[in-house]
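What follows is chain A paired twice: with chain B in the first complex and chain C in the second.
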Partner chain A sequence: MMDTDDRKERYRKVAYYPGCALEGTGHAYNRSTKAVGKALGLELDEVPNWNCCGAMEVKNVDPKVQTYLSSRVMAIAASEMHADVVMAPCNGCYHNLKKAEYDLAHDAASRDTVAAISAKAGHATYEAGQVETIHALDWIMHGVGEDELRKRVSNSLRGLKIANYYGCMYTRPRHIFPEKDKGPGSDSTLKPHFMDDLLEAAGAVNVDFPLKTACCGGAHTLSDSDLSTKLVLNILRAAEAAGADVIATECPTCHSGLEMHQVRAEKVLGEKTTVKMLYFTQLLGIALGLSARQVGVQENVSDGLEPLKARGIA
Partner chain B sequence: MPIHEKSLIRPEQIRYHDKLVMDGIDVSGHWSLFVEPRVVTDYNEKLQDEIAALPGGERIHRCWQCGSCTNSCTVNAVNPDFNPRFWIYLIRMGMESELLRDKEIIWQCVSCNKCTYACPRDVFPEGVMKATAHWLELKGHTPQSKSSMFDAEFTEQVVATGKIEEGRIIRGFFKRSGQPLAQPWLIEMAKRLARHLPLKMGFLMGIAAIVRPRTRGWGRARGALEDYIAGQEHARRKALGLDEPGSARAHGAAKAASGAEG
Partner chain C sequence: MSVAVPARDAVGNSAASAPHAGGDPGVALVGVVESRLAATEALADHQDAARAMLAVAEDVLVDWVAGRGEAPTRATREGFRLLALHRQGAQDLPSFNACRETCREIAYHYNVLCFGDAAGTLAADEAARTRTMMGLLVRHLALFVGGKMHSARVGEFCCASRPLRQDD
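So, the complex of A and B:
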């Protein structure tokens, strides 16, 4: 890493944007992210009175409404919290804040629309560059790092075999992630590796998993369930073929999509798969000595305790 | 755009004979295959402009038909009829009737953005797919897709309260799309979740189902968003020539007219 890198300092305390999913189906991700932050001495300051980022659905109705919704979250972080880093663990939120940042920096029409709606709504207009949006992976990778993490592991993952699944929104489209693909110290949009690196530092073995950035069909998880089930089944089967005990996730939509369609594939297609899903923060928390309950393993649908127990980790 | 797409040949227009001898030469099977010509007379010269007027479609004119989008497409791998490159070709050629042959599947794009990643011309094919799906609905060629129903349910909740609650979205979507909520696989999922879920979590989830989460002081944002969305919808209808000035019934009339053409 570069000598001029001040991220270790800047990421120590960040504005936290959990988003709607982390208050619902992704609750275990919320719980484990907070627990891991605490265990690693990183501080989270939740954005007060935040709103939904717009997810994929609002973008489909009108992209600029999504830009406004995401900009409002960043506006609060910048003007009320005086924060310069916003951390969003959900891929959808992370993606949307990054996309809003890009559009506001490059598109005058987006700037005008956001300024007009913000003025009517009665709050400060967000201006590109006021905050840096990061993912939970960036937060731990740059705020702590692999070496430091390795030193803090008290309950090694003991060779637990993991397929790391990043999904779509963490890397695509690449133009909204200017900090990626910058060589050593940055993540790759073609083959992301931050989650692999962190879990390896925690004692896991990463299997050679070809579908790291495949799509789980999350956009149509209910509106075109048959397609989503097929796509998820591909991912589950590929992970099993690669020898994985666990698929590590870093997105609540991917995670619940994999869990839901694993059940649906079994019920509707008679296709049973046994690989389990755990958030990467749950795995890191356990490696840092937290209990399965403290990182919300029992809040998952798939029984993540089973592979952990099998290796004597939990 | 010189790529000759096999899909332009309709199966019913392919002719060949298992046994055929012409001038003493055996031309049985493939050797006698020919395609009966047809004449396309209903070019819509405005088609590209109409798609470009909708969000996501703005950059369609940049396409040079390399096929990277289709080659990288998640849905194409599952259903070969899902072909973004071909649809962009048809739109740019104004071949509306050919495009309409695939109208039932265009909305199935999963927005994985592999096409946007692969596209060397920054066409943003994902946006073009969304614009095309909107166009089909606005013109009355297709009813509202389940995906659009989901989007509408979600957006209405966000605009109303600033936040969404997933249970409420799921219930609203199933109601809107006329599906029973009691899907066997959803029930199985709830059962598996309940097996380990601590009581406290179950209680909190029950509360979320009753008390709607909302962003404090959202009222003014809601008003601003409703005004903006209504304005945009009006502008889009106008761009597609769907609104007669001063006619509130223009929507129904346009729908009937496009139905008659189709």
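So, the complex of A and C:
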């Protein structure tokens, strides 16, 4: 495992791959990630001319084309930016880049496909190991750490009760995340805790939330909205049963799904829930003294200001 | 922790025996599970409720495995048939692992209710909260499995999409 100080230095400035969601429905996540990075002295250098990671749609049609699309982002980071690390805050992008990395390291047919399309497109072919892909949670956890974060908190989250919801793509499938499940200092695929740890350092109280990696039905939002609504409603109810004021998120798809289906559950099923959703970067930003506006709380659908105001945090 | 597999179904019929009436089996499954979970609420004893909810969860996976044309295992893993059924149901289907943690949490909550309550170490409010949470976990499993059945031909879940045109 890499030395802590080496990794801190390595993560100080990273290539930033926001992905499409962070330019649309997840704009508040983009805004708050940049604001928190700046407040913590971390630098983001956006990958120029980045493309779609392949998301679920391309993967469902041809997984090797998805591998190519993700590899192109890493190729630009490695060959044009000479970056060592790509940071993707979106779980879908993070998952797909990690999957591409795994496929290129283990599957000759994937390497052939990527080489052929890259040559045709006229750019360098990405080779496994040229860059390291990390999530925003890794970036802050290893680039700053809990102790340093605790020292920088100027507006403690003061016992705000949080259910940390990681969704599915941050931990699954396990084999594409070789750095996880390595004991102290690494995150767990069974019970991820980096978001819990960071928010606790910011003064929050994490509730015991057994659905932290459960499916939110994101893939079925269009094909079977009722199923997605019921899955989300169950997650919201579990968070409320656990005593949470807020569900902290780190995936724009999950976040949008939780917010939209909370509204839909009330309209279609007559089931009202009151727990609010905030990106973990919004919560960290507020704890670091940024205003709710600076971290984009006004862009959220659910009124995240309400529980913050109730505890005198905002 | 290793535990004995509880007697099946303290409160109702097996989800596997639910009539599908020619409709969508996934939707039927969720309906049956909702009814059976509602019936567990009448059980005064937390341990009885835990056994009944675990039986519902097992039957959800029995339906899933049987729906794939296999004989549901009677084996246990770590003392739970539920975990053995999950392992069987996930063979050659990585995205089914998306409910692995849900199954493990159901097993954990079962243990808390049965052993914590039996030892007298579980406060009344904690027992009630654990019981509520176990019900939500079982419901989530049913929704996930029901959803997979419903959508078996239109795609997979986010964390392990399945190429639809592999044979084209």
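One rule holds for everything that comes next: the second predicted complex is superposed on the first by the 309 of 314 C-alpha atoms of A that agree within 3 Å, B and C clash if a C-alpha of one lies under 4 Å from a C-alpha of the other, contacts with A are read in each partner's own complex, and residues count from 1 in each chain.
Just so it is clear, a contact is a pair of C-beta atoms (placed from the backbone, for glycine too) under 8 Å apart; a residue touches a chain by one contact, two chains touch by 3 or more.
Note that the coordinates shown come from a computational prediction; the quantities given were computed from them, not determined experimentally.
Colleague: Answer with clash or fit: chain B and chain C placed together on chain A by superposition.
Modeller: Clash.
Colleague: Contact-wise, after the overlay, does A:C20 reach chain B, chain C, both or neither (first, second, both, neither)?
Modeller: first
Colleague: Now for A:G92: first (chain B), second (chain C), both, or neither, which partner does it touch?
Modeller: So A:G92 only meets chain C here.
Colleague: Does the superposition put A:K230 against chain B (first), chain C (second), both, or neither?
Modeller: In the superposition, A:K230 touches chain B and chain C alike.
Colleague: In the superposed arrangement, which partner chain does A:P210 touch: chain B (first), chain C (second), both, or neither?
Modeller: In the superposition, A:P210 contacts chain C only.
Colleague: Which partner does A:A242 reach: the first (chain B), the second (chain C), both, or neither?
Modeller: second
Colleague: Which of the two partners, first being chain B and second being chain C, lies in contact with A:A219: first, second, both, or neither?
Modeller: A:A219 contacts both chain B and chain C.
Colleague: Determine, for the superposed model, which of the two partners chain B and chain C contacts more residues of chain A.
Modeller: Touching more residues of chain A than the other partner does is B.
Colleague: Does chain B (first) or chain C (second) touch A:I117, or do both, or does neither?
Modeller: Touch partner of A:I117: chain B, not chain C.
Colleague: So, A:G183: does it touch chain B (first), chain C (second), both, or neither?
Modeller: The answer is neither, since A:G183 touches no partner chain.
Colleague: Going by the contact rule set out at the top, does A:D62 touch chain B (first), chain C (second), both, or neither?
Modeller: Both partners, chain B and chain C.
Colleague: Please pick the stretch of chain B from 21-29, 39-47, 75-83 or 219-227 that overlaps chain C when the two structures are superposed.
Modeller: 75-83
Colleague: With the touch criterion stated at the top, can you tell me which chain A residues are shared between the chain B interface and the chain C interface?
Modeller: Common to the two interfaces on chain A: residues 56, 60-63, 168, 172-173, 214-215, 217-220, 223-224, 227, 230-231.
Colleague: Under the stated contact criterion, what part of chain C meets chain A in this complex?
Modeller: Within the complex, chain C touches chain A at residues 30, 94, 97-99, 101-102, 104-105, 108-109, 129, 132-133, 136-137, 139-140, 143-144, 146-147, 150-151, 154-165.
Colleague: Where on chain A is chain B touching in the complex?
Modeller: 20-21, 23-25, 27, 49-52, 54-58, 60-65, 68-69, 72, 113, 116-117, 120-123, 168, 171-174, 189, 214-215, 217-220, 222-224, 227, 230-231, 259-260, 263-264, 266-268, 293, 297-303, 305
Colleague: In their complex, what parts of chain A are in touch with chain C?
Modeller: Within the complex, chain A touches chain C at residues 56, 59-63, 92, 95, 167-169, 172-173, 190-191, 210-211, 213-215, 217-220, 223-224, 227, 230-231, 234-235, 237-238, 241-242, 253.
Colleague: If we count contacts the way the header does, which residues on chain B are in touch with chain A in the complex?
Modeller: That would be residues 55-56, 74-75, 78, 108-114, 116-117, 124, 126-127, 130, 145-152, 154-155, 158-159, 162-167, 170, 173-174, 177, 184-185, 188-189, 192-193, 196-198, 201, 205, 208, 213, 215-218, 220-221, 223-225, 227-229, 232 of chain B.
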